[in-house]
Amino acid sequence: MIRSHSARLAGVVAGLAALSLVAAACSSSSSGGSTSGGSSKLTASAPGITATTITIGSHQPLTGIAAPGYDEIAPSSNAYFQYVNAHGGIYGRKIVYKYLNDQYNPTITATDVHQLILQDGVYAIFNGLGTPTHLAVAPFINSEHVPDVFVASGCECWNAPSTLPDTFGWQLDYIREGKILGAYIAQHFKGKKIGYFYQDDEFGQDGIKGLNYEIPKSQVVAEESYDPTNTKIAPQVAALKAKGAQVVVSFSVPAFTALLKLTMLGLKYNPQLVVSDVGSDAITLAGLLAEFAKNKTAGFGNSLTQGIITDGYLPSLGDTSNSWIALFHKIYEQYLVKKKFPFDGNVLYGLAVGYTFVQAMFKAGRNPTRQDLINAVNAGIPQASAVAPFAYSATDHNGITGAYIGIIKNGALVQTTPVYVTDDTPTGAITTYSSPQPTAPKSGIPSP
Amino acid sequence: MVEFLEFTLEGLSAGMIYAAIALSLVLIWRGTGVLNYAQGAMAMFTSFIALEIIYVTGNYWLGFVSALAAGLVIGAIAERVIVRPVTGKPPLNAVIVTIGLLILVEGLAGLLYGSNNRSFPPAFSIDGLSIGSVALGITRNDIFTGAAVLLAAAILALTFRYSSIGLRLRATAFNAPVARLLGVRVGRMLTLGWALAGLLGALAGLLVSPSTFLNPNSMDTIFVLGFTAAVIGGLESPAGAVAGGLILGVVLSYAGGYLGSEVVNLFGLAALLLVLMFRPTGLFSSAQARRV
Amino acid sequence: MTSQVTEQVEVPAAPRGRLDWLNRSTLGRHLAVAVAGAVILYLISVGLDAYRDYLMAEVAATVVAVAGLTVLIGLSGQISIGNGAFMAIGGYTGALLFSHLHWPLALIIIAAALVAAAVGAIFGVAAARLHGPYLAGATLMFAVALPFLANTFANQLGGDQGLGFFVTTPAFLGVNFSLQRWQAWVNCAAGLIAFILLANLIRSKVGRSWRAIRDDEIAAALAGLNIARLKILAFVVSAAAAGLGGVLLAIFNGTVSPSLFTLNLSIQLLTAAVLGGLGTLAGSIWGGALLVIVPIYLEDVAVGHGFASQSTSAAIPILAYGVVLIIVMLAFPRGIQGGLNRLIKKKGSA
């Protein structure tokens, strides 16, 4: 009975087709953007996402040579996440932040990230800290198609959408920073002799690159590097002095900025210090220098930091009228004081980058896939606590694009110029960014 | 010329610190035949103790003395609890055990004090000294450091050579069973050796921590360089330790000042290999009594 | 009636049978063990998830490097706290060959080991006259200084960023084959081959000569052994094994950079060699496994209990690792393998 056979066959095929259409419609997650119909169910739309939680991972130096200061960042981000969790979470889901201690050792970083992705199945890697450490794992993370968002490093190597499509930077990268500082120096210290003091790695070398794009070669009389495992920097500082540098630009971490200052005291050498944001946190510096007062004069550390010129891409901690500082201080008081952290630049950094992540997650949608998060960042994140906008787009994975110049007075950073934005090319212009910074939302949580 | 003078003086002052570590290593080696890889970490720990005392009492010298006392105690405890069980066993066991001690002490310091850099007060002023208008690049604190280390080295050398305790220490290291037969309380000598080395290490920590800031890993590099200095000088004599430290300090200072920080460690290696090529047991070692 | 007066002298019958050749051929015996090992490792690797396959690759690379060191220290009596530097040489050689010359993987691995061996020879010549703490100091400084070459020759060696070494699974295994499993296979295979070579060397005349030097250098010299050449050979072998471990590390890690090869690595290799049991290949397996697995295990426990979210509590697993090292060393004075040997002997004589 051929007719009934083919009819039955047609019926079966039609039924299967209908079933598969229905199944496809039900099981496929929404492809980005918010779905209409407010009370759609929360599903396990991606690895690391359940109906109630979003699990993200990170690698951080909690112990070891890179730990000083940087060990505050992840707990600070976590504090912001806890605040968000306590106020409704992300579309009702709580953020679970699992950060592992890699001791700034790339082998341990690789093991940690393999564990987070292959065993724990985290949704994304967030704020992986360190240039050599993260470089060891960025290709792996991308090969697993896991979002690698807001890397805690100013290397411009995170801006590589063709080779690392899932990786995004966040902070002002070192080349941009060098350009902004360099332009300021070229303008305000015309004719003076400039000396460089820099950490002998990506951070310092990129900073010098940026400086050299802006400062005339004839002005640079000395370039002295230091190795972070060796605190005996006196020979380099003596060399700077011997070459007569009147302005010393330092791309150094706080410990070495402080050592630079102390060594200069020992050499009776008093040039103008211009320091990268990485190493100029006034509170950290004052703490490191505090014990050197002859008679324990109060604020001695502060007096040693007086007059240091630096840049800032987040509002100054001393600017208590700033809505973001007020918000973050409130969260610090609630969650971080008990950890005995001072409210310093690292805490501010951690809170600010946590805020950006929450912005991105809201944009990714109610039931996001991993690609949804990538798309959300590629579509651009609105400026929030940073003083300059993000560069995020499908072709640019750099983060904050500019900073202001300031001077440390009485232990706090005072802004002295408008915000400048630029790119990281040798000839890209440095322009003033005069749009006012958006105010922090009253709830403290970005709007979805 | 001024630059050269500055480099030299800086090298000498850095070298004094390496010499201090080298002295404590020499003491333990000559007294007990062991290389203590935890020497730097123990010095870091006693410096933390000093810092706590200084915070509580506001008195630097009280903290100074407490650190030295703590060094004595910690050295003695380390010997009794961790090193004594491995005497008589293959010599590398003692190395591993001290490496375990290094990790333990750094972990303990991290647990108790956190990983943050702490400011450590210097004994004396850190304002630069100058002759006329020429800044020398050294400070009163540097002079105190040098004097303290030289004094310690002199006391150590004299003790070893002229006192009965020194003789007993050396006898214990040279041949413990025979020394025991001759009436030397070998166990006590071992503990004493380690206690004194702990004191010397504590001194080194106090002297160097102002310029490294104090954190659980702050003595790591200093220890490596102190070890290198000890090997350059030959592990047999306090004079060798001081000489090795000064030579290394000066070489590294010139390398860093004239050439740059990337080559500093390479020059350290070169200096070491150069010395060992001509004197395989270090500069100041006596004739090779044990080798044919 | 046969006389029972004559003494029954026990003459052990000559071994007979198809496996007779195993008893007489060292190479054959080692090959058989290696084949058995390969089967076991294969079964383990397919039974594990991707993360544990990755750890397997890491253990294999570590074990190879430790094996070279245990031969150097345990058999020839020389110390090195610098084998991490030879790992760096192997790793960087592999990365450079991979990105510039695109050689097949097997060739890269062999070449990396050979280059490390060559440098080992040079260092061995310089170090042949040194003993004890002086040799330790020289190797220590070597380990500290060598990584800085990456910054001195930043253009060729990538500076602090390092170089990439991204192996991909070969086509014949299919597109979806787990990269981690492939890495585990490559590393274990290389490790087994290295073990066969080392085991043969240990049982050979060279191995016996090394032990003679270790036990009494003067007597060995008097017996006519060329001390310097044998000592240098030991250094070459340990450097080759370390270089092999280094290129295997590059394979599972995906990049090489100076911060991978710190002094700490050399110290850990030494620790693993001693704790595992000096001079024995089995000891290097215990040591390498301990070195990789114990810190991870301690971290997992800490994270599980909520320590590890802050720098103070994050120090707890590190502190625990130090305690573990001390306790294991006190409990097993001859290393883990030494302890096992004693257990076996006791059981055997019971």
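Labels A, B and C are assigned to the chains in the order they are written; within every chain, residues are numbered from 1.
Following the convention adopted for this analysis, contacts are C-beta pairs under 8 Å (C-beta built on N, C-alpha and C of every residue); 3 or more make two chains touch, one makes a residue touch a chain.
Predicted, not measured: the structure shown is a model, and the values here were computed from it.
Averaging Cα atoms per chain gives one point for each, and the point farthest from that of chain B is the centre of A.
Set side by side, the interfaces A-B and A-C show unequal numbers of C-beta pairs in contact, with more at A-B.
Work out the mean CA point of chain B and of chain C, and you get 32 Å between them. Chain A and chain C, compared by their mean Cα positions, are separated by 39 Å. Each of residues 107, 110, 114-116, 216, 262, 264-265 in chain B touches at least two other chains. In chain A, the residues that reach two or more other chains under the touch definition are 62-63, 67, 71, 200, 227.
Residue positions 148, 151, 311, 314-315, 318 of chain C each touch two or more of the other chains. The residues of chain C lying in touch with chain B in their complex are 73, 79, 126, 129-131, 133-134, 136-138, 140-142, 144-145, 148-149, 151-152, 218, 263, 267, 270-271, 274-275, 278, 311-316, 318-326, 329-330, 333-334. Within the complex formed with chain C, the residues of chain A that make contact are 62-63, 67, 71, 74-75, 78, 98-101, 103-107, 110-111, 114-115, 118-119, 131-133, 135-137, 139-140, 143, 157, 200-202, 205, 227, 339.
Residues of chain B touching chain C in their complex: 29, 35, 37, 82, 85-86, 89-90, 92-93, 95-97, 99-116, 216, 224, 227-228, 230-231, 235, 262-266, 268-269, 272-273, 276-277, 280-282, 291-292. Residues of chain B that touch chain A in their complex: 2-3, 6-7, 10-11, 13-14, 58, 107, 110, 114-117, 119-122, 125-128, 130, 135, 137-139, 142, 210-213, 215-218, 220-221, 252-258, 260-262, 264-265. If you check the complex, the residues on chain C that touch chain A are 49-51, 54-55, 58, 148, 151, 159-162, 164, 166, 179-180, 249, 252-255, 257-260, 262, 264, 296, 299, 303, 308-311, 314-315, 318.
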